[in-house]
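Chain naming follows the written order as A, B, C, D, E and F, and within any one chain the residues start at number 1.
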Amino acid sequence: MTLPGTERTRVEILVDAPLVPQMIALLSKHAIRGHTVMPTLSGEGEAGVWDDDLITSAQHKVIVLVVAEPDKADAFIEDIRPLLDSYGLIVMLSTINVLRPEKFA
Amino acid sequence: METLLSPVVLFFVLGAFAALVRSDLAIPEAIGKGISLYLMVAIGLKGGVEVAEAGFTLELLVAAAAGIALSFILPLPVFVVLRRVGKLSGVNAAAVSAHYGSVSVVTFVTGLEILTRQQIPAAGYMVAVLALMETPAIVSGLLLAQRYGGAEPRPMGDLLHETLTNASVMLLVGSFSVGLIVGKDGFSSIAPVFEGAFRGVLCLFLLEMGLIAAKRLREGKSLTPRLIALAIATALTNGTLGVLLGAAIGLDAGTAAALGILAGSASYIAVPAAMRLALPQADPGLYLGMSLAVTFPFNILVGIPIYIWIAQQVVR
Amino acid sequence: METLLSPVVLFFVLGAFAALVRSDLAIPEAIGKGISLYLMVAIGLKGGVEVAEAGFTLELLVAAAAGIALSFILPLPVFVVLRRVGKLSGVNAAAVSAHYGSVSVVTFVTGLEILTRQQIPAAGYMVAVLALMETPAIVSGLLLAQRYGGAEPRPMGDLLHETLTNASVMLLVGSFSVGLIVGKDGFSSIAPVFEGAFRGVLCLFLLEMGLIAAKRLREGKSLTPRLIALAIATALTNGTLGVLLGAAIGLDAGTAAALGILAGSASYIAVPAAMRLALPQADPGLYLGMSLAVTFPFNILVGIPIYIWIAQQVVR
Amino acid sequence: METLLSPVVLFFVLGAFAALVRSDLAIPEAIGKGISLYLMVAIGLKGGVEVAEAGFTLELLVAAAAGIALSFILPLPVFVVLRRVGKLSGVNAAAVSAHYGSVSVVTFVTGLEILTRQQIPAAGYMVAVLALMETPAIVSGLLLAQRYGGAEPRPMGDLLHETLTNASVMLLVGSFSVGLIVGKDGFSSIAPVFEGAFRGVLCLFLLEMGLIAAKRLREGKSLTPRLIALAIATALTNGTLGVLLGAAIGLDAGTAAALGILAGSASYIAVPAAMRLALPQADPGLYLGMSLAVTFPFNILVGIPIYIWIAQQVVR
Amino acid sequence: MTLPGTERTRVEILVDAPLVPQMIALLSKHAIRGHTVMPTLSGEGEAGVWDDDLITSAQHKVIVLVVAEPDKADAFIEDIRPLLDSYGLIVMLSTINVLRPEKFA
Amino acid sequence: MTLPGTERTRVEILVDAPLVPQMIALLSKHAIRGHTVMPTLSGEGEAGVWDDDLITSAQHKVIVLVVAEPDKADAFIEDIRPLLDSYGLIVMLSTINVLRPEKFA
């Protein structure tokens, strides 16, 4: 099955809300300008159960969605590798097709 | 005892009960956040209006200095105890100690309510002291983490900016200033919202806090009996120190009790967010568990009456 | 007629109108949820304070027993009619019947408002009856589904736990108890929020309810004219039965009308969520369409005045 | 000056300050939306009750006609200036001009507050004028875009439906009607929420508006100094025209000032959403930047006092 | 690695909230009946930074998620191509497997 | 195009909010400990249109996102197959790469 458009790497990072600015700073270090932040409601992992209770955003998680050229995405991934454990990140990578490839250079 | 039967405390108990029997009762996140912003604005305004009436006094300055000192210094003994007795890692002990040096707005507000009910009100300027005590502990905690926990040093400028502009400081100081400027007359037109509705809204917020604290206690993986005991002992010790310091610098009983409540309380809004950012390797389950699931309910149900009692003994 | 011109009802009409002309007016979900929690706390507190004043009476016990009996038994005739006349499947008929045995908090609250306006107030303890009527119908509905709908039996323990700890029961019973404990004196400090603001907030909620009910009526795929007629007939029959039972056990006119309003109303918050969980194969478009899009507006606009009128005829 | 020290304006300044120092203070979206719905209901009710008291008058009709005319016509000169002086494309100039022909509810409400403080209240029917002025400018803007901007014509029926059923029109007209029907007596039971709480809630909303406006000003990419100057000049010109027209048709000083405030204000809720839909090729950064980040704060801090001052000079 | 189920095209469109009805109208023009709308919190692109501030939905973005047969998805994609720039759409395409393929015809 | 990381199966289940605990119970039956729940706003399908109106969570839908080893995911999928119609589930499966594969065993 072939899809219309051009291939790009889709990176999804599940991260605690207070650390999002740090992620965005890392993105711009790799000249990746675009991203979209998406909400989540609750979850469970090795560190236990969490949900979006109001009291503090310390454990409130969001997903940072980034579409980028494969090379840039790879370089970015290498840079966040050391943070995976301490920041408790979940990273999902896949290949998708986009319609205006020049926007995701 | 009579304290425990105030509507505010009863709603806290109701929330905790609902969480313990695993009810699906939940307050939408946006409502909870909205109420907590409202409470900060209301308490800030009230403090500002009261200081506008009473004027700036030397007492205010002395109390402010005492508050700042407590917030800076309290993390140190807490850190030592958490490392030695609690067997926590350096980074974790530092992160937790920052919470205990800082303060809980809702504990303070609940304390004021109870003081008012008992007819020994605290001075209006204590709101300013509350705002001043929010952040010094964050600095102490991070310095401890750098020296004893191997945490990487962060640029002090960033840190200062974050702590001075954090939402609670902004709202408390900002609405304190608004209250100061508009005074009693300007306040009267907005009093129905910020004064008349205050106690009722506080009830709803404590319902929510009861839910959250009990849920966290139930699910908390990082909480051992030893840490629970330490969370209580730290609150009691800090609270007592706060009252004694208040008495020593000549505050009246209500105001000294309020300083004790501030010292004995632990942050669970601003400091956890700052720690997640600055010390991501520290365990949030630990510091939120201790401050929110143990110390907060302890203070609401037991701590506040004790600090008030001590204040009544030592001040006359 | 005069009833229809109360602000509360007019805001309901405004919301329905906005939905029918496809306005983009929408109230954020969190606000709607927050208001509905507020209404339950306010009504619970009010009931508790009133019972604290009046004391527990035999009448209260009798009314409670009548309410529980209605909630348990009403689903049975409703089920039979829905199967025979409505041609619904066993599971769907059982799910719908549970909604009609249970109650709608907002219908009840609107009814109380109208009763108060007409100077024939209902007894304060009816809030407790409201809470007691929420859940027996769920049990009846599930038993019907198991016997006649081929639904798999669920462990009774789970079911009981879910129905007893569901959010509305928790809040109603909880704040009723708080009201009972603090009494009129303790209530006065929180009265601006839970009494003064009550009617205004109810207006905003009925605006939202009008929007939702009319939108659902417009979009509802599962609603046939026959089912719409049944939703109205069921409300009228149950409501009349409730009033008559109330009169029979010796309640005054206002209180008997309130029992009728409870019996005639259908749940659209707690029961749908319970049915989605326990009978996932039943069609939510059907039970939400009938209870929320037909019975609810019918009761607000027509049913409540009728039940009150009947009560005034049969009680003197 | 005294105006600037009202709590409402001070909270706006506090919000703007927090955004400028990059505080993490933020009000949850649902709360902001909820408050803005509340303000529209409250202002609509108030207007309706006042007209119910005063009766429909010829003055009301004349003021309404003046408002509609302003909303229709003002976009034209604004469009010409934006093209010639502002060098905007046809579509962008048309989109921006629609914002300036329409009105800002919060600017109006803040203006009413300040007029009341200064004891020169505006007539209650101005709320109806506010509602009537919301949408004609949208039609003008789209016609300009079609004639001079090459925008595809949209079916007029759709357009009319969207503008007449948009949420603010619906709420303002709807609650105005409710106020008209229930009158002063019916209003009294809901007055604690819609009158007593009004000023306090408005403070919280202006805190939020300060945050949003200043954040947008800080981040705005599309705003050049030339456009900022035009945004201010347009407000001043339109506002002055509004006051003069008001004086010409014989309105009293407060009411003429209110018409000026409406004319000088620019929409940032209903019109941007309509433009995004009808002219997707226009730049939202531009029209939101000018109306929300420049004109709105200018009017709150400077424009309103100026329009009032002019009204006091020209009307006696 | 083989997945259970049947292949379909997953289309995700990041779009401003006021334009969602237009997207849905286009979907039904192509006889694609199903869709799900998901929220986002904030983002950054060439047009700058945005977040979900309350004041107007004019710049509030959502993701419209559509699962459809490849042919239908392709035809739909061709139809929105001319809108990409003026509407400022971001479109992501990928192939996924679904369990009840008849629902996504 | 090769992505960094290790392949895992990504399962996304659109489900009514009241049924989420049931889904999670099924996950843990298959020894899948992690999941994340994401919100949605509105949608349309054969059962008609819905949106997240407040009144009841009965028809409020969320997406349960699960990353798991292919074998575990397959077994889980087999287990929810009988529920698809009665629960009205939409299930999307894809293969993604993750960075700490041991977390998604």
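By definition in this document, a contact is a pair of C-beta atoms (placed from the backbone, for glycine too) under 8 Å apart; a residue touches a chain by one contact, two chains touch by 3 or more.
The UniProt protein names, listed by chain, are A, E, F = Nitrogen regulatory protein P-II.
Just so it is clear, the structure is predicted and the values come from calculations on it, not from any experiment.
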Discussion item. Starting at subunit C, how many touching-chain steps does it take at least to reach subunit F?
Written reply: 1
Response to the item:
Note: chains that touch subunit B and subunit F both are A, C
Discussion item. Centroid of subunit B to centroid of subunit D, CA atoms only: how many Å?
Written reply: 40
Worksheet entry | Geometric centre distance via CA averages, subunit F-subunit E, whole Å | 19
Worksheet item: So which stretches of subunit A touch two or more other chains?
Response: 38-39, 94-95
Worksheet item: By residue number and range, which residues of subunit C touch two or more other chains?
Response: 27-31, 33, 192, 196-197
Worksheet item: Can you name every chain pair that touches?
Response: A-B, A-E, A-F, B-C, B-D, C-D, C-F, D-E, E-F
Worksheet entry | subunit C partner contacts - residues on subunit F that touch it in the complex | 16, 18-19, 22, 47-49, 52-59, 83, 86-88
Worksheet item: Of all residues in subunit B, which touch subunit A in the complex?
Response: 27, 29-33, 36, 208-209, 212, 215, 219-221, 268-270, 272-277, 280-281, 284-285, 288, 292
Worksheet item: In their shared complex, at which residues does subunit D touch subunit C?
Response: 28-31, 33-34, 37-38, 41, 161, 165-167, 170-171, 174-175, 177-178, 181-182, 186-187, 189-194, 196-197
Worksheet item: Along subunit A, where are the residues that touch subunit E in the complex?
Response: 1, 3-5, 10, 24, 33-39, 62, 67, 94-100, 103
Response to the item:
Seen from subunit D, its contact residues with subunit B in the complex are 5-7, 10-11, 14, 17-18, 21-31, 192, 196-197, 199-201, 203-204, 207
